[in-house]
Amino acid sequence: MAEEQKEAKPKKRMTATKAAASIGPMVKEFITGTLQAKAEGKYKVAYTFIVCHHEEIFRALDVIPVWTENFAGICGAKRDAERFLQRAESLGFSRSLCTYALCGIGFDQWREELGQMPPEAPWGGQVRPDFMISSGQILCDPRSKWYQASQQFMPDVPIYNIDLPYPLFQENRDHREVLGYYHQYIVKQLRGLVAFLEEQTKKKMDYDRLRELVNLSDRTWNLIDETYKLRRAAPCPMGTGDAMNTMVPINFMMATQKAYDFFVDLKKELEEKIARGEGEVENEKYRLMWGGGLPAWYALNDFNYFNSKGASFPVETTYRMVAPLNEMDLPETKDPIEHLAWRWLGYWTFWYDKAKKRPGSEPDVERLINWIEEYKIDGVVMHEAFSCRTWHVGLIWQLHQLAKIYKPIPVYMIGKGGQKEKVYRELPSLILESDIIDITSYSEVDTRNKIDAFVETLESIQSNRAT
Amino acid sequence: MVFVLGIDIGSAQSKGVILDDQGSLGSFECASGGDFKLTAERMREELLSRAGRSVDDISRTVATGYGSKLVIFADEIKSDIVCLAKGVSSQLPTARTVIDIGDLYTKVLRTDGNGSVHSFILSGKCAGGSGRILQVIARVLQVRVDEIGELSLKSKKRVEFNTGCAVFAETEAISRLSQEVTKEDLLAGLHRALAAQINSLAERIGVEQEVAMVGGGARDAGLVQALKEIRGHDILVPPNPYMTAALGAAIIARESLTIQD
Amino acid sequence: MTKVVILNKGIIASIIGPTGPEQRRLANRVMEEALKQAALSIQEITFIVATGYGRINVPFADKQFTEITCHARGIVHLFPEARTIIDIGGQDVKGIKIDVSGKVIDFVMNDKCAAGSGRFIEVIADTLGVSLDTVGDLSLQSSHPATISNICTIYAQQEVAASLAEGVPLSDLLAGVHQSLADRICRMVNRLRVEQAVIVTGGGGKNRGLLQALSEQLGQEILVPEEPLITGALGAALMGKEIVEKARQNNTPLETKERILGAVEIL
Amino acid sequence: MGDKQSHIFDTVKNYYNNYGLRAKELKGEGKQFIGYVCSLVPLEIITASGCTPFRVRGSVHEPITRGDTLLETIVCPYYRSVFDLSVKGKYNFLSGLVIPHGCDSMVRSFSAWSYGLPFSYFHFVNIPSVCDESSLEFFDAELDAFRKSLEKFTGKAITEEHLRQAIRVHNENRDKVRALYEMRKADPPLISGTELTMTLTAGSSLPIEESNGLFDQILTEVKGRGKSPLKKGPRIFIDGACLDNIELIKLVEELGGNVVADTICNGARDHFPKTEMGGDPISALSRRYLGKINCPKTYRENKAGTFEGDIASRFGDIGAYTKEYKVEGAILYVYKYCDPFGFEVPARKAYYQSLNIPLLPLEDVYSSGTIGQLRTRVQAFLEMIG
């Protein structure tokens, strides 16, 4: 494997907000921090996954999380994932598997083989962990398998695999019937995590500190929710392209003052933009929703391309990992662990009751419908990343279901008799196909052609509007 | 009287239509060749001579297709999705789903009678499910592309055929022939497999009736029949189905003039 | 291509002929030529082994072996030090791992996609109007290999034609094509943990441009047999010879087909 | 196989080719069939409810068309095929469907199934991803919820006695499967891999008592053979997920290998582990399905602290089977886009190497169209180990 060619560097993406522009350096600082922590040896570093909503436990025990999905995303964004993916393939992993995991495993194996970071490792590289926290959530098989596979190359690094299920939406059942034993189980799993971390760090959990951190992240949750809801304004002050950056404090920095402060600043910036009538797009013609899927990290510029056609993205279902806590109806408890478990369940079941009320709906579809209304959406864009089933299976079904139960656009069209008649049209949608970080799956020409055709579609619907 | 041009430079074939207020004055089709700029020039000349007009008579030209960016004299470039919808709506206003089988890509779109597109999908990263495979097979069987439809319809026992890769379809066909499979049965198998692949693509955006088939692939009666069988209902094919995108481009050119007026 | 090797103590005939839609009849014809070269009649041949993609279509073969076994056998005969074999044919690319005793211990093959096979270069060479014999040397003249971004052969063909029209030099395009194919091949054979000596055989062994790209990407020196096209047929002949010798040793009868080389009707 | 096909294997073939034949007949007599996918659905609870569990199958011969309307093509081709046949109405005789948390695709597609198919009963069984005491407790509760949902559907209570009785007959079924596998130990085996897989597949479409009866008849038939109908050849082991079409096994046997053992879902993985009798039946079931079914979906902690020790404990059952059945070569057959198995391929390879058993890893797409490609690989592999 002498030839580890890098792809050409992408053009820098233009952000609509100052806040989003500040994320790059923040991530870099974060990664440098993990390398430094490891070198100093004062704190333990742990591989782990985002959206498990228990980072407070790490922070209370001064464990430094290394978000391995994030590192793979960085390799992708820098168009430098291919050499790690190829390495994983050489080890016998199929390219059809989660490419985040393949990139991480390829990188780790290389680092372990060399006894040092691979040459020109992005942003200094991914540090060797002291231990790994897998997460067998209800979703994401690769999360359960990734670290187990990595252990082949670092068998001395222990794993704690925490199971965090939630009850799946079932039309014929009230999920509250089963929440009790789900909660009990999650509490036990979280306590197991605490015990594992205590053993690894040789520290005792300070529950007062944990309670404070949980309180801090609860406040941050609500603040994020308020901030993001500002994007309902027309023109929309911040789009999904920026949100793919501002997901960093949400997912990597929860339970830190820095994350809270970040959203204080962002909220202020958005309020100011709204007051000035300033939008993500200068002349906002179409408001689109990023309705599903992780982005192609090497092609975030496509958001600028949408913007250049007058399309803004006021809302996305991806990485918006909060829901207003006061609307979740969480049982009161003084025990922070119990609270974390309730918050986890509350988050995942947030749309269940609403979905029950609308025949044919289900939580993800319900969220689409609600946000289409709240954010005045003209079209839905989704991304189908071939290597990730976790977030990309079920999307076309959601669109299908959406079309069945939601037909809000009245347009004139020619019926069988050749007469013009008023009908209700489903929301137009676009599915982009490529991958999160495997750039060989992506064609800029094809993607832009699709975007062109989609925008022409939006245009023709607008001109045929019945009202 | 206004005159407009619609020019569709495809990866294999280029198509053009010249319209006036009343309708088509003529159309032309030729191989795209390697130099799309030159092909576009030639296309314009041919169309003008067919209509007995000169360059100055043309009020507007819309280009579409794979090589549309190289039609330097075009006033506007439109995606073939929109042109297809427009073209089909003018010929078959009841069509709600359009399947275009081109040389490199297969495209499916949903439309209304006005030529508005409501959703669309393109085939993936590989030419396996496109019209190219038909040409490849025609060469192996030493028949003309326009003969394979009729041949296929004569089959009594189609074979199971795998259409993974358009290049390897050739070798697969060769090996099938050596297993004493007839041309007819082989073609029927190919059409069935290709139709299944195309149908599967179409199903991903949901198929609403009626269904129209256009593009070079719609000239193949065997493929149309195979798709009918898989879908279990009739499929509309407009006259000169390969001209649809060019026609749509010309209509768009004419419409944008009316709006400007 | 259809190849025939006739073996006695050494090679007494070796012929390469084209493979077309009518494989069986051609197998006949190439066989006839080889017999002529060896001055033998078909009745005098003790045992016939067929291999390759069309192995089941050779009606007069006494036994069939896959090309993996045969290539390995042929290569080990020529290069006893071989540990990794990369066979680059028009249909398939195979990586074969050999142990010290010359036994196959592992192998990989490409999927049914032309992007990782010799066909990729054939199609592109055809598009560029260059003969297959010259693509290797032409590409070695390039100092700035072009990037071929499409994986699908048909799309790459289109991409190459467009680049050529834009004035990208032929040699750069060919170098890019070789790098693209070498990349696909490396990805596959790296699964075997490539070890020295590495032998490239099959049609790809004749292409110097591809060999250089492969050697660079693998970071390994590459050896090529003098006549890379016949190693499979040679291996098949060697396998046949072994069967004959074994039968003689054990005094068991040889199971053979009727020695008829009549033309076969193809529908 | 001899020239004379016995009557009982004709029956098996008929059930295999006309999958669901018996279910359609029995439906007419008022029997309710509940479909399931994956080995992780506790069949005993369905049987105890008075319904009959029915394993929903795919077909490698049928191109996937309708299913793509509702399910992405990045799902493993096996599951896509199962879904496609279902939405085409092939299993419309079922009264309900149970999907477990076997993989992401099962979770993410549950809504598509439950809204897209005309059954009156749907249920999702959550399966923990880890196996410790608290997971077993949780799983007890989850299985109890499953029991209650079935009670609601049938309107009849499922008592402990019903459950015990169901456990008994399902265990009997597993004993019979073991006895059939015993017939493979002879060299050449008395029953071919093709026959056995067909038999087990047919069995998964029948009420458990009928399945027991069928297996008994097959056993009698095979025992009566005395001499094997097969030729000696390399003894092959099949590793992988669900292989409910016999094409691969048939191919191996056509090319001269004998398939003698496996760890596939519709083989040993599903049929070997038994449920403990006595004690709380729900708890016994949760221990069988979570603890004893060795599926890559369930994470098991590396207690050895070494890679070699870890794979020895994770894949120990494979080692035991390969010894017991005197295996000479193994085929690891994995579907494209299968994350649970896919991430284990290097570790499994390493394990076979530690056993000194040559391995042929295959990644496939669940279509008869790839048989040609598989043929060369399998033949070369047999030549390699032969």
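The letters A, B, C and D name the chains in turn, as written, and every chain counts its residues from 1.
Everything below uses one rule, namely that contacts are C-beta pairs under 8 Å (C-beta built on N, C-alpha and C of every residue); 3 or more make two chains touch, one makes a residue touch a chain.
Quantities reported herein were computed from a predicted structural model and do not represent experimental measurements.
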Chain labels contacting chain B and also chain C: A, D
Chain of greatest Cα-centre distance to chain A: C
Pair exhibiting more inter-chain C-beta contacts, A-C or A-D: A-D
Geometric centre distance via CA averages, chain C-chain A, whole Å: 48
Between chain A and chain D, centroid-to-centroid distance (C-alpha), Å: 35
For chain A paired with chain B, centre-to-centre distance based on mean C-alpha positions, whole Å: 39
Two or more partner chains touched - positions in chain C: 111-112, 151
Chain A, residues touching no fewer than two other chains: 91-92, 396, 400, 443
Chain B residues counted as touching two or more neighbouring chains: 125, 162, 164, 175, 204, 206
Chain-level touch network, classified as line, ring, star, complete or other: complete
Chain B residues touching chain D - in the complex, by the definition given at the top: 160-162, 164, 172, 175, 193, 196-197, 199-201, 203-204, 206, 230
Complex interface listing, chain D residues touching chain A: 69-72, 74-75, 101, 103-105, 107-112, 114-116, 122-124, 126, 128-130, 132, 134-135, 137-138, 141-142, 145, 149, 296-297, 299, 301-302, 305-307, 310, 334, 336-337, 339-340, 342-347, 349-350, 361, 363
Parts of chain A lying in touch with chain D, wherever the complex brings them together: 91-94, 96-98, 101, 134, 136-142, 144-146, 148-149, 151-152, 155-156, 158-159, 161-163, 165, 167-173, 177-178, 181-182, 184-185, 188-189, 192, 360, 362, 384-390, 392-397, 400-401
Partner chain B, residues of chain D touching it in the complex: 61, 63-66, 68-69, 73, 367-370, 372
Residues on chain C engaged by chain A in the complex (per definition of touch): 149-151, 179, 183, 186-187, 190-191, 193, 216-219
